[in-house]
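Look for chain A in each of the two complexes below; its partner is chain B in the first and chain C in the second.
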Partner chain A sequence: MSPKELNRAPEQSWLDAFDAAANDLPGEWLADTRRDAINVFREKGLPQRRLEDWKYTDLRRVLGSDLPLAVIAKGEGADPLAAIKGPRIHLTNGFFESADAMPKGVEVVSLSQALVGQVDWVRKALGSAPRPEGHPMLALNTALMRDGAAIRIVKGTALAEPIVIVHEGQAGRQLVRNLIVMEEGAEATIIEAHSGSTDAQQVQQTSEILVGDNAKLTHIRLQDAGASSVHLATDLVGIGRDALYDGFIVTTGGELARQESHIEFQGEGAEARISGTYLLSSKQHADVTTRINHAVPRCTSREVFKGVITDEARGVFQGKIVVAKDAQKTDGHQLNKTLLLSPKAEIDTKPELEIYADDVKCSHGATTGQINEDHLFYLRARGIDEATARGLLIHSFISEVMAEVKDDAIRAALEAHVTAWLASHAGIREVAA
Partner chain B sequence: MAEQQAPEVERQLSDKYKYGFVTDIESEKAAKGLSEDTVRFISAKKSEPEWMLEWRLKAFRRWKEMEEPTWAKVHYPKIDFQNAYYYSEPKQKKKLDSLDDVDPDLLETYKKLGIPLQEQKLLANVAVDAVFDSVSVVTTFKAKLAESGVIFCPISEAVQNHPELVKKYLGSVVPITDNYYATLNSAVFSDGSFVFIPKGVRCPMELSTYFRINEAETGQFERTLIIAEEGSYVSYLEGCTAPMRSEHQLHAAVVELVTLDDAEIKYSTVQNWYPGDAEGRGGIYNFVTKRGACRGARSKISWTQVETGSAITWKYPSCVLMGDNSVGEFYSIAITNNYQQADTGTKMIHLGKGTTSRVIAKGISAGKSNSTYRGLVSMHPKADGARNYTQCDSLLIGGDCGAHTVPYIESRNPTATVEHEATTSKISEDQLFYARARGIGEEEAVALIVNGFVRDVMQQLPMEFAVEAQKLVSISLEGSVG
Partner chain C sequence: MLNINDLHVRVDDKDIINGLTLNIGAGEVHAIMGPNGSGKSTLSYTLAGRPGYEVTAGSVTYQDADLLDLMPEERVAKGMFLALQYPVEIPGVTTMMFLRTALNAQRGARGEEELNAADFLRLVRTKAKELDISEDMLKRPLNVGFSGGEKKRAEVLQMSLFEPKMAILDETDSGLDIDALKVVAQGVNRLRAADRSFLIITHYQRLLDHIVPDFVHILAGGRIIKSGGKELALELEAKGYDAFVKDAA
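So, the complex of A and B:
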C-alpha cells in the first residue's frame, strides 16, 4: 500500500503547522528550499513499518498527536554532565539561549540569527552534509527548522577543553538544526547533553557535521530526554581525507527515541568510530540506526553498540555498512550486543553489509541473550552473592563499550550516569571501581 | 516443437552448462495465459476432486489481489504472467506400468542428466521421482518403499489415493495466502512429490526428485509435501536443470515439511537451473517458498542447499520450531557469476522451549553478479532457553560483483541466546600464491580455495550429491578469474 492510501491525519498536523509558520520561519532565502522539503514530506508521509528503514519503529502513532510548535523559553539550569569542564552553549526548547565565551579559533552563532543575517560560512555549509535521499523526517526538519547552534572550528585550531551543548526540552515540537564545521586540521571535542521536563514534547534534531581534511572531531551525546518525549536525533557526517570522526552515544531517555547516524567518507585514509550504549526500562522504545558509507578507498570504520533492556522496553539496532564499487582496502567492523533482563524486554537487531568492492575486510557480529550462567556460577562459587555477581557482570558488559571513550574525565562522567541508571533500573548496587 | 535456440548462444555456452539441451518430446499444453479457466484446466487434467479445485480457485482469487514483492535485492523486468504456459505434459500413449513403457526420448534425457531411472542399473540406493515440465513421469522403487509403509509418489497421485493426508497437511505450513509466488503456486501447481513416512520408520533409502523444465515459455510450479510421523526419518534430495534459452522462465515451487515428535527430515537441494549466458540473457527466475514445521517435540528439520543456477534466486528455506527442544538447521552455498542475482537465506522461528537452530551460509560472488544473504531469527516469548548460532561468510571474486548480508534478529525472550557473525572478504592472495607456486592453474586454484571455503556446508550433503556439487562449484566459477 502506498502512503497515499493511508489515513493522512497524522501528517496533516505537520502540514498545517508549516502553513501557519511559513512566513515567520527564519531566512527568506531559504523559502524555496523549505517549500520543496515540505513537498517531499507531503509525498512520503510519516515513516511507518512498511518502509524497510522503519520496520521496527513507527512514527505515525507518536508524531500524529497534535502538539503545538515549541515557544522560546528560559532554561532552568539543567546540565547533566556538569562534571565536565568547558564552555557551554544552552539550547532551550530548541532555541539558542546563550553561549559562554569561546576560545580563540571557535565561532558560535545561533542558527536563526545566522539565517537572517549574512554569516557566509553558515550559508555555505548548511545543506552540504551528505544525506540519504527522500528521508521524510529530514525533509520535515529542513522545512520547519527554526534554530540551533552553528559551530565553526577554524583551520588548524586544536581545543584543549570540550564544548558542551546543553539541550533542555520543556514542551511542544522542537525542530533543531545544528551545524558543526571542522576546518582543515582542526581538533575538537563537542559534547551534547539532552534532558528535559516530563511534559509531552517532540524533539527533532538534525546535525550537519563536516569534518575537513586532517581534522579530528570527538562527538559525544548523552540523550536523557524527559519520559514523555519523542526524541529524534539525526547526524549527517561527512569526513575528509585522513580525518577522524569519533562518535559515542549514550541513550537512556525518551518514551520513543531514534538516533540516526549517516556517515560518509569523502576523502581517502579517513577513520570513523561510532559506538555507544542504550539502557532502557519501563515501556521505552529506542532505536539506533547507523549507516556508514565507504564511498572512497582506504577508510576504516569501527562500530560497537551494547545495550541493557529491562521491564517492557524495546531496543532496535540497525547498522549498515555500504562499500562502494571502487572503495578498495576498506576495513569495516561492527558489533552489537544486547542483554535482556526481563521476560517482556525485546531487542530487534539488523546488522547489514552491502559490499560492491572485493579487496575489503568487513565483518559484523550480533548477540542477544542474558547474563552468562557460567560466569555467574564462577562468581557465586567464590562467595559473591547473586545480586552483586549480576551487577558485576552487567557492569563489565557495559564497561567494554565505555572504554571506547578515550578521555578519562568524559568517560567518568558518562560512567556515573550509567551506574546511576543501573542502580535505579536494574537493581544493581554501585560497584566500587 | 523444439525451441529455436539462438545458435551462437548455444555454442558459447554448451561446454559450461551441459544440461542446456532440449529434448524434442511431444507435449500437451494448456492455453497460454492465466485465468480461472487455466486453473480449471489443470485440475480437470488431473481429474481432481472438487475440494482440490476449490482450494486452487481460492488461491487464484487471492493471488489476483496481491502485489509482486519488491523488497528483495534483485532486479528484473516485470513478469508478464499472461505470456506463459502453466501446464505442459509429455505426451504418452498409455498409462505407464513399468519403466519399459516410458518414452525412450525421455529416458535418454534423464540419462544425459546422469539420473539413474533404471532400477536394474542402479548402484546407489536412491529412489527417484522424475518431474518433467509439469508432470511426474516416473517414480522408482515404489514397491520396495511400500513394504516399509513409506508413500513416495507424485502429489497428483496422492490427491487421488491419500486425500485425507493431503487435506490435512497441504497448505498447513505454507498457507495459500502466504506470499505472491506461493499463492500463484497454490492455484496452478501441476505436480511434485509427496512423501509420507509412518510412525517409527526410518526410510530405507534416500528419496530423490529430479526436476526438469524442457518446454519453452513454460512456468514450472511444483509442490512438494513431506510428512514424517513420530520417530521417523527421511533424507530427501532434489535436483533441478533446464535447457538454455534466451528468454527467462519462471519456476515458483512450494515445499512443505512436517515433522512430528522425534522425527527428522533432511532435505538437500542442488539447484542448477539454467543461469543465463555471460551477457545475462535467459535463465530461470527461481522464486521458491520452502518451509518446514517442527510440530513435534525433539523433531528436526535440516535444509542443505547448493545454489549455483538460475538467473534470479529468491528463496528462504525456513523452520518453524514449534515442538519443545526441536532443531532447525540451514546450510547453504550460493554461487553467482556473470549477471546472476541471488537473494537467499532462512527464517528460524523459535516458538517452543529449548529449541535450537544453526545457520551456516556461504556466498560466493563473481563476474557482475550480486549475492545477498537475508535471514530472520525470531525468539518468541515462550522460547525459553532457545539458542541460535548463525555464520554468514561472503567471498568476492573480482571488483564488479556485490555481496550483501541482511540478517534480522528479533528476541523477545531473555533466556534465549542469539549469536550472529558475518564476514566479507576476497580470496586470499597468499592462498592463491601458494597454490600457483605449486604449479596449479589459476582457475583450478580458485576452485580449490572456494571448495575449502564451502567445506562446512558440503559436508552436510549426502555423498552422491557432494561429488556433483563440488564439480558444480568449479564449473560455476569458470571464467571468473584472469
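So, the complex of A and C:
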C-alpha cells in the first residue's frame, strides 16, 4: 500500500463511489453535467471549517468514513405525520418506492425514471433553480443524484389536501434530488417527513423548488432522521412575481444535520417565509443556514427560528439576507431565539444583513438564554410546581414559532411531535391547555 | 396565622432584613410602610419563597408549619399569596390558561377536585367583572402589554380567584388611578374574613382610607422600628420617615 492510500483524504471514498457508479447513474444526457460536478467537488473538497459558511459544522469529520451507497429497499411503513391526511409519496433509502393516486393537475414521477425517459418538464426544470456557486455538497449531489420525487402542480391548480413525502432511511449513502414545480397560479402544500433506522446513514438531499408567478407553496419539513444519521437537506427556491413560498422546518433528528435554504426572489411583489424549530439533545449537532436573496424590488421575507437545546447538543443558526442594489422597498425580518436547558448545551448564531439598496426595511435579532428565573418564580408563586412551570415556559417559547404554521391540522401534528420530544428529552410533562 | 421571629435575610451577599419580628393573627389586616429600599419587597419575596433569598437567622411559622421549609408552590397550596410589586410578563402563556393551571394546581395539591372548563370560566368571568377586567385582557398573554394599573388589577383578580388565607400585597396601589384604587380596595374588603389575614405594603396613606388596617408598622433598615394602630399612618404622612428613623436610632 502506498503512503498516499494510507493517508486517504476524506473525499476519496466519494470520488471512488462516483467512479464505480458513473455508468449506472440514471440519465445518459446528464453524464457531462455529472462529470463537471464531480470535478468541482474534487477541486473544492468537503467543506473546510476555514470557510465562513462552514465555520461551525464539520462535515469532513463525519462524511469521510466509508459507507456504501444505499441500495433499493422496501419501506417499513414509517409515517411520522400519519395524522395529516393527503396522498403519500414514499421514498425509501432515497429511492422512489411508490406514490398514491394524485388529484387532477398534479404529476408525480420518480426522478430516476424521468431522467431515463423523456419527461420534458423534468428536463427543463432540473438544474434551473437558483443556487450558490461552487458549493461542494451541491456539486456532489449533482454528480451522484440517483433518485427522488419530481412533483409538478399544473398551472392554476389549487390542492385541497397536502401531498406528503415520506422519507424512510435505512442505511448507506442516500443521494436524493427532488423537484417541485409550481406553475403559474398553482397552490399546494407539500410536506416532507424524514425518519429512519438507527443504522449509520448519510442523507444528502437537494430539492429544487420553482414557485411560478402568483403561485403559493407551503413547504413543511419534519426532520426526525435516525440517531446515527448525517442529514443534509438543501433547498434551492426560486420565487416568481407575486408568489409565496411558506417554509417551516422542524429538526429533531440526526447525529449531525444541516438544513440549508437558498431562497431567491425572481419576480417583484413576492413573499418568502422560512421558519422553524430545532430541538436537540445528547450530542446532536444541527445547523440551520438560510440565504434569502432579495434580487428584485418590493419583496417581503420573514424568518423566525426558535430552538431548545439540552444535554451536550449544539445548534447553529446562520441567517443571511442579501438585498441587491435595485431591490428597493424590500421588507426583511429575521429572528433567532434559543433556549439552552443545560450548561453544556450550545448555540452559535450568526444573523447577517447585507444591504445594497437604500429604501428598505430590514431587521434581525438573536437571543440565547436559559429559562427566565423571574417567570419561573412567578408561576411557582401561583402554586404551579417547578416541573410543570418549566414545561409551561418551554411550551410557550416554542408555541410562538409554531404559530407560523397556518394550517391547524398540520400545526397540531407538528406540535404533537414537539410535545413528545419535550416529554422524552427534557422531562417535560404535557401541559393541559 | 403568621409569626415572623427575629428574621434575617441576605440577598446576593447583602444583609437586607435585620432582625424583623411580626405577628399576624387570623382575620387581621396589617400595613407596612417604609422608605424605598428598606426591605419591604425583600420581606414579601422571602415569605413567598423566592430562590436566592437566604434566611440567615430567625424563623417564620405559618399556620403551625415552618414556612421556610416549604417550596413556593407548597406555600401557595397552604393559602399564602403574594401580589407582586412588579408582576412579570410571560409571552406565550395566555392569562386564561395560566389562571386555570394555577387554580387547579392549588386545588390538586390540597386534594380538592379540579374545576372543569365551564365552571372555571363562569368563576373567572364573575370575578373579572367585579374588578372591571375585560374578557379581552384574559385572552391576552399573561400581563403582556397590560398597563401598570391593569397588571395590579390582574394580581387582585388572582387573589380573589385563589381565596388565600394569608395575602401579601406589595404596593398593589402604586400605579392605580383613583377609581381603580377603589375597585381594588373593594376587592380586598370583599375578601376580609375572620380566617383570612392581610399584609399590605404601601407608600400611601390613601389606600388605608379604603382598606382600614388593624395595625400599621414602619419598616426601616430591614427591621420594624415602630408599630401602632391606623393613626400611625396619618402621623407618618404628617411627619415623614426621617423623624421616626431618628427616634429609633
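Just so we're on the same page, the second predicted complex is superposed on the first by the 425 of 433 C-alpha atoms of A that agree within 3 Å, B and C clash if a C-alpha of one lies under 4 Å from a C-alpha of the other, contacts with A are read in each partner's own complex, and residues count from 1 in each chain.
Basically, a contact is a pair of C-beta atoms (placed from the backbone, for glycine too) under 8 Å apart; a residue touches a chain by one contact, two chains touch by 3 or more.
Note that the structure is a prediction, hence the values are computed from the model and not measured.
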Overlay on chain A: chain C relative to chain B, clash or fit: fit
First (chain B), second (chain C), both or neither touched by A:D66: neither
Which superposed partner A:R380 touches (first chain B, second chain C, both, neither): second
Chain A residues touched by each partner, larger count belonging to chain B or chain C: B
Touching partner for A:D100 - first (chain B), second (chain C), both, neither: neither
First (chain B), second (chain C), both or neither touched by A:D16: neither
First (chain B), second (chain C), both or neither touched by A:E43: neither
Apex chain A: angle to the C-alpha centres of chain B and chain C, given in degrees as a multiple of 10: 70
Contacts of A:H395 with chain B and chain C, given as first, second, both or neither: second
Partner chain(s) touched by A:E28 [first = chain B, second = chain C, both, neither]: neither
Minimum distance between Cα atoms of chain B and chain C in the superposition (Å): 12
Of chain C, residues touching chain A in the complex: 48-51, 71-73, 76-77, 82, 84, 87-88, 90-93, 97-98, 101-103, 105-106, 109, 141, 158, 162
Chain A residues touching chain C - in the complex, by the definition given at the top: 373-375, 377-386, 388, 392-393, 395-397, 399-400, 431-433
Residues of chain B touching chain A in the complex: 71, 379, 381, 394, 396-426
Chain B contact footprint on chain A (complex, rising order): 52, 325-326, 328, 338, 340-370
